[in-house]
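Could you have a look at this structure, given as structure tokens, before my questions?
Order of writing sets the labels: A, B, C and D. Residues in every chain begin at 1.
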């Protein structure tokens, strides 16, 4: 359960990225977040991840006000999230396998579990043959899929995906969206930022539309634009 | 909480060193250089110190006795002198010995002394050595109360001179050594800072994935330690080579200087190198990490 | 005029990214390159840019075999190309303004020309207010547009855009595509890699479809899939 | 080809230094440290050298003349000796003077000489000083052919000893200085390498945008030069402070050691610092750049 209560985010240089956002997302929901470039979608994700701090307002995740989380609790909080970043954020000096495995090592997963799960995850995103490659040896879409595999690694209860199909062809995009939907069916909350009209229109889920930092529309099955 | 395995951290550290070859190499090179310089300078100071110790001969007092004392009286005086705690050694010099050494000192003109050997005009004397210049005053005070002592001559001027030089030289060198040490540590820390800096992205990604500060830091700190260890071992061998080649080319030309053989110092040097190398490696990474793990 | 003659590209790790590509692009053409993730689209672009070298075959650009270009001539060759990279490749320590200006400084453009042209370019991509920001202060789509502005800076005769709308909302995407088309009308050659079915279908231009490193379709007005 | 403006490159360089604050700071710090150590050691060597020069007194030969020469003969001998090119100064010592100095040397026992002053058994002599130990043999060869020279005494042993010590000490220190120099250059270059390394992405993007090698390199090289300049100026002031505070605390305790005042060396130090700082800065960046501009 995620609650944004009158959240404002102003960046140090004065840009108001989010302006008085109030938003409730229930456990197990599937939400699309759409909006023009610069509307504040990524900022919204960064606030949930606690990568950025709110300027004012509260964000409550599972009954905890994460704006008040101490520095030491942040990592533990983040482990419940699976995030696909818009810029992937893979480790350049780790192989694809290691990139995914790292997320599991962080939480102390035993080696033998990792050895079983990582190949399975890479298979899901169709990257089995690339497991020994480094990120700079992959195409843009392949990197994006690695990021997705890593986000799913720890079976998080909340998945946030920022443009997870931005570099991926339509067929693969559908597969990935179907995967996210399947995960959502298992009871996980999924938030997807995307600008792919087709996908949003096709899946008929809840759609939150951002514009210049405010929510201008929020309904289930909502059409994009 | 689940268990983390030590092997994981060591593995990560080694991987980090290997995959960031350029940086690791540069760090090891810098660290090693600093240690070599530091070590070479320490060897220099140790050697200078040892050689200065040998200048201690000047620490003596000559005590001249009254003329015409009986042997018994002289023995009694000797006993009294030996009672002075601060006197290290006491040596009797007979009038004849004194004359002979005088004649010798005159060199060319020794023949001038020939006449005197028939009827020695000198008195017996004692040569007292002591350890520390500070004892001089005490000894001289004690001597004043001994009957039969005509006068005594210390080499206070020479003693002070040498002791001045010694303390001056040591002062300069120790001061220099301290400076060198501080500078080395500073350089090493800065170098490791640079190398951590160039990986700050990696570190911040770790944070995003939910890694705690210590989980991120440990491999980096181990990396610092391993780099420090490598550097110190290499530095040790470089030092050995340099010192031995220096001793080799120097040993021939000067005999009055005693050079301490490397083997005598080897253990200490290696130990100190490893301690400094590993400590600074760890310090360097810890300091720079704290900046990037707090996000 | 670009000619690929039996081009093969195998990466050092053994991946065959392009397999016997023969392709002719005339001056003033507008070409879409599409294909699944990992099909070799970016590799194709990299070969034209001479970022990667061919394994075998020839690439002739304006009567010069660029596979034989000496190290010293490469920069001069590149100045005739305007490239939008899939991963943007902006200078992180330069402001948006400086990022665009740099491309012009490289060719020795006088200061006063730069001062006039850069703001105009930023206006075109709708980023006038962001000119003093650094790339990490921009949203994904904004960064992508900066990359586009930079690609256009020197009025190149060949423009290569790798997923120029990958992070951009549909409205802005249309604007950018229209801009590229306008430039194409002025006589410039434009090559656009994209996976946005809508765009490709909408514009009815020449479409080259790549699949596993080979061209499986190449016709004007060709439908995507 | 269009013109590039110098101001552009300088501007880029300054921007680079400013925007990469951490790296620039670390590089300046490391460079500065190396220069300070190098400078301090040079000052040490210069001072040691000056003080060793003062030990030159031993460079003299005493020439003893036959007994009972007439004043004319002695003057004639003096003339002949003065003709020897290698003889720097020639000083006549009369028999009386010689006796007096002998008596003085006997210290305690000067009275032994009293008798001889009535009928001096010594001969006149000359004291010849020379510049270089190598001249000794020539001078002695010439002396053999002079009538009336009974014998002569050089201080070859002492001379050789002192000269050995001098050359030994200088050897060790110069050797050390060279090592320090090499290490410093090595450290500086490695540091700048690290800092260029952490910007290799930036460099490769420049290449993609069509920048030529020199266009990319020039700002980096200027950056290296400016960092070198900064570092050397700071190092100069640090050095001045350190040296003055050392002279201050040392000057009181020892008088026989002459410490060269800082002002006498200041210009040279600053010049050398700037030369080394700027050169290594430029070298460091050029070396590391060549790797990344070739893509």
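By our rule, a residue touches a chain if its C-beta (ideal position, glycine included) is under 8 Å from a C-beta of that chain, and two chains touch if they have at least 3 such contacts.
In this text the structure is predicted, and so the values were computed from the model without any measurement.
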{"item": "Path length in steps (a step moves to a chain that is touched) from chain A to chain C", "value": "1"}
{"item": "Shared chain contacts [chain A and chain D, defined touch]", "value": "B, C"}
{"item": "Taking each chain's C-alpha mean as its centre, the one farthest from chain B", "value": "C"}
{"item": "Centroid distance [mean C-alpha coordinates] between chain D and chain C, Å", "value": "62"}
{"item": "Geometric centre distance via CA averages, chain C-chain B, whole Å", "value": "67"}
{"item": "Inter-centroid spacing, chain D versus chain B (mean Cα positions, whole Å)", "value": "24"}
{"item": "Pairwise touch network: line, ring, star, complete, or other", "value": "ring"}
{"item": "Pairs of chains, among all present, that meet the touch criterion", "value": "A-B, A-C, B-D, C-D"}
{"item": "Chain C residues touching chain D - in the complex, by the definition given at the top", "value": "49, 51, 71-72, 74-79, 81, 83, 85, 89-93, 102-103, 105-111, 150"}
{"item": "Interface residues, chain B side, partner chain A - complex", "value": "1-5, 8, 16, 19-20, 201-202, 205-213, 215, 294-295"}
{"item": "Residues of chain B defined as touching chain D within the complex", "value": "22-23, 26-27, 29-30, 33-34, 36-37, 40-41, 44, 64, 98, 102, 105-109, 111-113, 116, 121-122, 153, 161, 164-165, 167-168, 171-172, 175-176, 179-180, 183, 186-187, 190-191, 193-195, 197-198, 242, 246, 249-250, 253-254, 256-257"}
{"item": "Parts of chain A lying in touch with chain C, wherever the complex brings them together", "value": "11, 13, 15, 34-39, 41-43, 86-87, 133, 137-142, 144-145, 162-163, 166-173, 195-198, 224-225"}
